[in-house]
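So, here come the structures, one by one.
Each of the next two complexes has chain A plus one more chain, namely chain B in the first and chain C in the second.
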Partner chain A sequence: MSYFSDIINGTKSLLIGMRITGKYFFVNFLTRKDVITEQYPDNLETLNMFDRYRGEVTMYHNENNEHRCDACTLCEKACPNGSIEIISDKELNPETGKNVRYIVKHIYHLEMCTMCGLCIEACPQDAIQWGQNFHHVQYDRGKLTKVLNKPGSKIMIKTKEKK
Partner chain B sequence: MILNIFTDIHNLLLGLMSAKAVHITELVLIGVAYLGIFAVLGLFLVWLERRVAGFFQLRLGPNRVGPSGLFQTIADALKLVSKELTGTVKADKQLYKIAPYFVITTALMAMALIPFSQEIQAFDINIGVFFLISVSSIGVLGIFLAGWSSNNKYSLIGGMRTGIQMISYELSVGMAVVTMVVLAGTLQISEIVELQKSGWFIFTGHIPAIIAFMIFMIAGTAESNRVPFDLVEAESELGAGFHTEYSGMRFAYYFLAEFVNMFIIASIAVVLFFGGWLSPFGITDAIPFAGLFWFTVKVIAVIFIFMWFRWTFPRFRIDQLLTLEWKYLLPINMVNIVLMALMVWLGLTF
Partner chain C sequence: MEEFLTDRLKTQEYFLNMGPQHPATHGVLMLLLKLDGEIIQNVELDLGYIHRSIEKMCERDTYKQIIHLTDRLDYLSSHMNNEAVCLLVEDALNIEVADRIKVIRTMMSELSRISSHVLWWGVMGMDIGALTTFMYGFREREMINDIFEETCGARLTMNYNVIGGVRYDLHENFAKRVKDFITHFRKKLPEYDKLLSNNIIFQKRLEGIGYISKEDAVAYGLNGPTARGSGVSCDVRKIHPYSAYDRVEFEEILFPEGDSYARYRVRIREMWESLSILEQLVDKIPEGEHRVKTKAVIKLPEGDFLQRVESARGDFGVYVKSDGQKFPYRLKFRSPGFANLTALNKMAKGLKIADLVAILSTIDIVVPDIDR
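== the complex of A and B ==
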C-alpha cells in the first residue's frame, strides 16, 4: 500500500514547498519587504557594506592623527602584486642618539590590489586594516593610487607593556 | 467589433484583387501577424520569468530598461541578433541549420489553433485538440536534430533525453486531454469553449477533471522542457544541452520557442479546464474585447503556476523521471479516464 501513501505524501510535500516559495513571492511582490538587492549606484548615500567586506586597505589613525606604522616594509614584501610601496627616511632621535626609521609615504595601488589580505596579516604593528568602501569608480587610473598615511601624521608613542 | 475590422479588411482587399489572390494575401497577412505575436509573446514571457524569478529569490529582477525593465528582453534580443552565428566544423551543416526552424514552425502551427477570443482564432478545425497534440510532438524533432547534428556529446545526450522524456510524457498529456474530451464530446476547440458556457469543465467534471488537470500540469511542464524536467538542458551536467553549439539568432529561436511552448501548454489548459476566453459567470459577455482580456489573464495565471514550479522544485534524475511517468502518472491517468467515462455515462457531471 506504500504506492498510494507515496503519492499522497509526495503531493503533500510538493505543496508544502510551493507554499514556502509562494510566501516569498507574494510578500516580495506586494511589499518588497525582504528584497536584498542593492540598487547600486542609486543608493550611494545609504550603501553600507558589512564589516568583513574587503573594500580597500586603509591605515588606522587615531584622533591625534597618529598611526602605528614604523616603516618595516613587511607589507611591501608580503604583497604578491607589488601593490604597496614604502618610502621611508631616517632621522636622529635626540633622546637616544639613534637613527630611527620613519614613514614618508605608504603608497597603496588599489588598481593592482586583489584584496588578498596578506599585507594586513603580515603587519606586526596592526597598522593597516580593511576599509569597507565599495564605490571606487574613477575615470583616471592614477586616482586609484593612494597614500595611506595622512599628511602630517606621526607614529604613535608605543606603550611599554606587552599585550 | 473585431469581426467588423476583419470583414472590413477582407472587403477592402476584395476591391483590389481577385478572390484567389485575396485568399493568399490574407494567409500571408495572418502568418506575419502570428510571427509578430510569437516574437512579442516570447520576449514578454522571458521578461515575466526573470521578474517573477527575482521576487521568488528575494531579488528585484530586471528593472532598468524601460518601465519595470519591460524592454530588457528587447535589448537582449537585439544583442543576440547582432551576434555571429557560430557552428562546429564537423556538424551536419544542413540539419544543424534547419533544426531551429522545426521548433519555430511547430510552435507557430500550434498557435494557429489557440482561441485568443471568440473571434480571433486562425484555424478552427473539427479535430483541433488532436491536431494540437500531434503538432506539438513534432517540435521535439527540432531539439533532437539539434542534438544530433551538433556533433557534440553534450548536445547528443541532451537530444536523447528529450526523446525519452517526450515519448513518456506525451502519453500523459494526451490522456489527460482525452479525459476532458470524454467530458466535452468534441475535438473542436471553439465548441469545447462554447460548451463551458454553463460551467467550466474543472467544475462540471469535478474529481476526475481536477486529477486530469494536475496530471496535465505535471506532464505539460515536462513537455515544455521546464524545470524540474529540464534534463534536456541540465546546465550543471550538460553545458547547455541540445543548444550548446548554437549562438546568436539560432539560439534565440530555441529560447523563444521554449517560452512560446509554455504559452501553448498553458492555453490548452485554459481551453480545456477554465473555459478559454469565457468570463467567470458570464459577467462581461456583452463587451467585445473582454474575451481577449479574460483569456490573457487566465493564461498568465497558469503560466505563473509553471514558474512557481520552476523556482520551487529541484531537477529530476532521469530514472526518477521515468518512474514518475510510467509507474504513477500513467496508471492514475488510465483509471481517471474510466472514472470520467463512468461519470459521464451515469450523468454525475454537473
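== the complex of A and C ==
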C-alpha cells in the first residue's frame, strides 16, 4: 500500500512545489512585480552606491589640486598587508625656517588591499578616504598599483575645520 | 552457474579522487574515496589546498590587525569571527562595552546566521539536484547583504567589529530595513518548506542517510547545528551567553534522529529562532556610544585567553597566548567545520557516492575555515 501512497504523495508534493515556481514564472513575469533578477551595473557613472561602501582608498583633493597628507606615515604603519608605500622628502619652509616633510608619492597597492579600513581610521588629517568604485578589473596586475596624490598637487594650508 | 559467475565477475576495490575542484565539495576540499562499485568503503580527507597560514600571520599582526584576517576564515559568519577576537581582547583588558554595542553585535550576528543558513539552504537543494532553491535563497540573502552594505560598508568581509565597539554607528535606515526583512522572511520561510522540505524525493534522499549517534557525535567533537541534529545540546549562546544573548529568549533547536534530514530541519528551525531574536531586539536598541575609546597600542597582559562564540557552523574559538607584547605569542582558531568534517567517514561508510554529496551538504562546510 505504501508503494501507491508514496507515488500519490510524491506527485502531490511535486505539484505544490511547482505551484510556487509556476507562480513566480508566470504571474510575476507578466505583472513585472517582485522581479528580482538584476543586471550587472554597467551604468558606472550614474550608479549610486551606499555612502559607507568600501571600494578603494582615495585621497581627497580640493579644487586647487591640494591635499591634506603631511607624510606622517601612520597609514603605512597601520596597514597589515603593506599596501601603502609613502615616498617623502624634506623641504625648507622660507617663512618658518624649518624643514617640512611632504609626499613625493603616496603609492597604493590595490592588488594587496583587503579593504580593512585601518589606514583611514589611523589618518589624523582625514587625507585619505573611501572611494566607491568597485569596478577594479584590469588585464595587468601592475595597473592596480596607483599613486594617490595627483601630479603637481600641494599640501593644503592647515585650517582647523575638517572635511 | 552462480559459482561460475562469482569466480569471473569479481568486484575490485578502487580509489577515486573527489576534488579538489569538484563543485559539490564547496571549495577546494579533496576527498580520497575507497570504493567498491558505488559503495563507499572509506573516506580520507586531504586538506591543505587553501592553506594561507592565517594563524602564523596573526603572530606578526597587532590585535587591531588580526580582526580583518578572521573575516577570511569562515566568510559566511565573518561577523561572529570578528566578535570573538574583539570579545577576547575586551575581556583581557577589562573594557566594559555599552549595551548599545552588545545589541548591535547580537543583531548583526543573527543577520549573519540567517544569511549563512539561507545560502546553505540554496546550495543544499542544488547539491541534491533542485537548482531552483539556489535562486530563491539568494533573493533573501540579497536583502541582508544590503543591510550589511549600508551599515558596515561591505557585503561579505564586513570587518565591522573593532576592539571596544563597532566601527560605524547604525545607519538610520537599519531598523526599517530589518523590520522589512522580518516581515518578508516570515512570509517566505513557509515557501521553503513547501518547495524543498516537504518534497518526497528530497526527504528520501536525506532520511536515514549519514546517521551519527549522540555518543559518536560527542566523541567526534561535533558542534553547531550538525551536533544538534544528533540531540547534543551545545549552543554557546545558551551555555556561555555573550553580548546580548542573556537578555533575549530563544530556543535551542534539538533533533534526536541524527540523520541528514534532522540536521536539515535544525537549520530551518534556527532561522525561525534568529528571526524571533531580531524581532525582540529591533525595537529596543539602546541609545549611546557605538564605540569605547581604547589605547592606540593594545597590549594584552601575559597569560592565556580563550573566547568562544556560536558562529553559523558551531562553536568558534579563539585562543591567545600572550607574552605582554603588542603581538600575540601564539594564536589558535578552533574552527567548527574541521571537527564536523572529521565525522564524515563515520557518516558516509557503506553509502553511495550520491549520498556523500548530501551528507557534505548537511554538515555545511566552508573550506577556508577548515584549512586556515
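Note that the second predicted complex is superposed on the first by the 115 of 163 C-alpha atoms of A that agree within 3 Å, B and C clash if a C-alpha of one lies under 4 Å from a C-alpha of the other, contacts with A are read in each partner's own complex, and residues count from 1 in each chain.
Here is the rule we go by: a residue touches a chain if its C-beta (ideal position, glycine included) is under 8 Å from a C-beta of that chain, and two chains touch if they have at least 3 such contacts.
Values in this document were obtained by computation on a predicted structure and should not be read as measured data.
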Once the structures are superposed on A, label A:44 by its partner contacts, choosing first (chain B), second (chain C), both or neither.
neither
Who does A:36 touch here: chain B (first), chain C (second), both, or neither?
both
By the touch definition at the top of the document, which applies to A:21: first (chain B), second (chain C), both, or neither?
both
Going by the contact rule set out at the top, does A:53 touch chain B (first), chain C (second), both, or neither?
second
Quick one: classify A:118 as touching chain B (first), chain C (second), both or neither.
second
Answer with first, second, both or neither: which of chain B and chain C does A:87 touch in the superposed model?
neither
Quick check on the superposed pair: does A:130 touch chain B, chain C, both, or neither? Answer first, second, both or neither.
second
Applying the touch criterion given at the start, work out whether A:13 contacts chain B, chain C, both or neither, answering first, second, both or neither.
second
So, does A:100 touch the first partner chain B, the second partner chain C, both, or neither?
neither
Larger contact residue set on chain A - chain B or chain C
C
Chain A residues contacted in one complex by chain B, in the other by chain C:
14, 17, 20-21, 36
In the complex, chain A residues that touch chain C
6, 9-10, 13-14, 16-17, 20-21, 36, 50, 52-54, 78, 80, 114-118, 121, 130
Could you please specify the touching residues of chain A with respect to chain B in the complex?
7, 14, 17-18, 20-22, 24-25, 28-29, 32, 34-37, 39
Which positions of chain C touch chain A when the two form their complex?
61, 64-65, 67-69, 71-72, 132, 139, 142, 149-154, 157, 159, 167-168, 171, 191, 194-196, 198-201
How about chain B: which of its residues touch chain A in the complex?
52, 54-60, 308-309, 311-313, 328, 332
